[in-house]
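Look for chain A in each of the two complexes below; its partner is chain B in the first and chain C in the second.
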Partner chain A sequence: MATLNFMVGQEQGNVAVTVLRVEGDIDAATHKTLQDKAAEVIEGGATHILLDLGGVNYMGSAGFRAIHAMTNMLADEESSGLSKSPYLKLLNPTEAVGRVIKTLGFDVYLDIYQDRNEAISSF
Partner chain B sequence: MSAKQVFDLSIKASLDNLLKVRQYINQAGERLGVSESALADLRLAVDEAVTNVIIHGYGDLDGMVELHMEGQGNAVIIRIRDKAKTFDPSHVNAPQLDTALKDRPFGGMGIFLIKKMTDEAEFLPLPGGGNEIRLVKRGAIG
Partner chain C sequence: MESPLTSTENRIDTLRKCLFLSGLQESVLSDLALKAETLRVASGETIMTRGEEGSAMYFIISGKARVHDGEVIWAYIEEGEVFGEMAVLDSEVRSASVTTESDSLLLSIEREVFYDALSTDPEAFKAVLHAVLKREREIVSEIKTRSTKLLSYQKEMEIGRRIQADFLPGSIPKVESWEIAAWFEAAREVAGDFYDVFKLKSSSHLAIVIGDVCDKGVGAALFMTLFRSLIRATSLYGCMDSTVDKADAAGKAADVLLNSILTTNRYIATTHAGSSMFASVFFGLLDPDNGELIYVNAGHEAPMIFRQSGEVEMLDITGGVIGLFPAANYTVETARLNEGDLIFTYTDGVNEAKNLDNQQFTEERILKVAAPEGNNTETFLKIMFDAVSEFRGKAEQSDDITMLALKYLPPVSAD
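After this line comes the complex of A and B, so read on.
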């Protein structure tokens, strides 16, 4: 079965940004691992997360359920309407994952960056 | 005339086997000469279809999932068969893409992706029980 590996880093931009890098395939067997890891870093105090998808070769709908859950975990009362999340952004998805992000309309909710420094300073 | 190439895979209905399903699609697709972008679409559609069979079809029950893949002209045909309870995707609501994410219900994305990633997606009950999902991706080869 597929497994996920995580790397968690801290960067200081305008705010403290937690960079969560995921490596592996995010499918129905592994998405809960991502959700649990996100819950762990949020419970540990993370308020702004840059989710680095550069090491994810495959992401199906289960991965988007995990990202959906992460968005909800980080949301506050001001996070309403169709505006993009100020708390969760995506970094460097592969072309295939990027196409699914657009197909499912997640690019409406989440900013996507290719450059790590630009992403961190955008928070 | 060369022999028709067909590729079959039989797996236990377990989410742990999804990686094996994607590897099978990759290997069969490469042998058939499927383009990389079509292969990515098929990987996604088949992974989602098998996931639905395992979660919504079999649930906690044991069972098998049979996959069959072949080329017909420039199209790829994939059949996914199970012996699970009948699953009617017409009852699944499409995701609400124009709704704020925090108000958007979970679920519905799998069926939506299967239809988006293929040219034809049929969900057929089999005589004697079980289901067949028939997926067609045109222009995938060559």
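After this line comes the complex of A and C, so read on.
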């Protein structure tokens, strides 16, 4: 069965940032695992998440739904009027995933970074 | 470790409780109980796997297990029930996998032991045969019930499919100087793709919509009806003033377009926020008198304008997919079609169609196959569909295929 692997790290920028690295394909079979993991780190106190997609070779629409659910979990009154989530950003998507992000226009909704340090200090 | 459950009396009790052996005499049960092995199995352990050979049957003394094939669960079994008996009786491979759901205690009896014990009592075979037949009758009855249920689900799906078809235009409006054709091929009985072509009430603009709701099946179909209806309703009965003069019509049409997309997006992103359902949508308003097309491309595959000159223009996205972020912004862009030009819009069932080697049809192949010159729009779409089908070969159509083409007809020569 397809699975996802996660690595969770803590970084201190202007705020505390939780770096969640995902490895595996995010599809209909695995997207819930990502959502559950995100819920777990958010329950554990994470307020700003940098989702590291460097280990994801495929992301279907279910993956984008899971990412949207993450922005919902992190949302508060301050973020509700914004067109971009200030609490969830993406790091280093692979070429294939980056192409889908661009086609669906997800880069309109989420900031995407190639450099980890730049991403952390952007929060 | 000595367990009271491993005493011969308790073993006999467990075997007697099992319907499969309930007809056996005490002496046979006692013989089996003495030769049975007790197994302690931790939760989550797979005791037997479908397709593998096996020589033992198991009786659950305590605990619970699921009978399954991979992730498909057929049944849960618990204390007093038996599994693995079929392969023991007919020596075929296991017909299902069994995995414990909790820490369990089992009795295991090997095929040889079972047949040896039965051979001591001629009545025993009859009793086991009766039990097996009783089970078979139960299975036949269960199959009948399930078949009836399945038939009723299939009928419901068929009704759903017919109702959903009503959410696609029954016919395409006739517009002077324009040739319009659509193609829709659902991958499943209900679909997430949609398209629409209709005239605005308050101006001469023609609305062209193509969309693809994420996911597949019933969920996508329900949201398809919502996206399609909201776009149509907000643009038909939205804010456009019927007294707009011609000079301002394009500006007002842009308002209609933007209002429709923004309202649809905001409604779904707030009312259905928890569903995280979204659609990629291309929505254009065409002025049929001059070929001016204003549009919003919300995260959809870029439509292609095939110029009569042979050039191709792509209408890239002007915003992200709709339905997720209430504060999303979209830009209205303008393109112009000249006489002889053809615009082709499609969903990812075309460019992402896969063959058995898992290769995709791709945008490059669309550009290669496209034959706008000398073909009417219907033929243009048929050539494209045939090329996709041929490319896919024996692979299953895994996504809906929707295509829409409009051609600005060149003026009829006076000769």
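Just so we're on the same page, the second predicted complex is superposed on the first by the 120 of 123 C-alpha atoms of A that agree within 3 Å, B and C clash if a C-alpha of one lies under 4 Å from a C-alpha of the other, contacts with A are read in each partner's own complex, and residues count from 1 in each chain.
Going forward, contacts are C-beta pairs under 8 Å (C-beta built on N, C-alpha and C of every residue); 3 or more make two chains touch, one makes a residue touch a chain.
As the structure is a prediction and not an experimental result, all values here were calculated from the model.
*Asks:* Do chain B and chain C fit side by side on chain A in the superposed arrangement, or is it a clash?
*Replies:* On the shared chain A, the partners clash.
*Asks:* In the superposed arrangement, which partner chain does A:Y58 touch: chain B (first), chain C (second), both, or neither?
*Replies:* first
*Asks:* After the superposition on A, what does A:T103 contact: first (chain B), second (chain C), both or neither?
*Replies:* both
*Asks:* On the A-aligned overlay, A:D25 touches which partner chain: chain B = first, chain C = second, or both, or neither?
*Replies:* first
*Asks:* Could you look at A:G13 and tell me whether it touches chain B, chain C, both or neither (first, second, both, neither)?
*Replies:* neither
*Asks:* I want to verify the contact counts: of chain B and chain C, which reaches more residues of chain A?
*Replies:* Of the two chains, more chain A residues are contacted by B.
*Asks:* Which partner does A:P86 reach: the first (chain B), the second (chain C), both, or neither?
*Replies:* In the superposition, A:P86 contacts neither chain B nor chain C.
*Asks:* With the two complexes superposed on chain A, say which partner A:H68 touches: chain B (first), chain C (second), both, or neither.
*Replies:* both
*Asks:* Could you tell me which of 9-17, 27-35, 63-71 or 315-323 in chain C overlaps chain B after superposing the two complexes on chain A?
*Replies:* Answer for the clashing stretch of chain C: 315-323.
*Asks:* If you lay the two complexes on top of each other, which residues of chain A touch chain B in one and chain C in the other?
*Replies:* 1, 28, 61-62, 64-65, 68-69, 71-72, 80-82, 103-106, 108-109
*Asks:* Would you pull the chain A residues touching chain B in the complex into a rising list?
*Replies:* Listed in rising order, the residues of chain A that touch chain B are 1-2, 25, 27-29, 58, 60-62, 64-65, 68-69, 71-72, 75, 79-82, 85, 96, 99-100, 103-106, 108-109.
*Asks:* Provide the residue numbers of chain A that touch chain C in the complex, in ascending order.
*Replies:* 1, 28, 61-62, 64-66, 68-69, 71-72, 80-83, 102-109
*Asks:* Inside the complex, what are the residues of chain C that reach chain A?
*Replies:* Its residues touching chain A are 70-71, 214-215, 273-274, 276-278, 280, 298-299, 301, 317, 319-321, 324-329.
*Asks:* Name, in rising order, each residue of chain B that touches chain A in their complex.
*Replies:* 15-19, 22, 40, 43-44, 47-48, 51, 54-55, 95, 97-98, 100-102, 104, 106-107, 109-110, 112-113, 116
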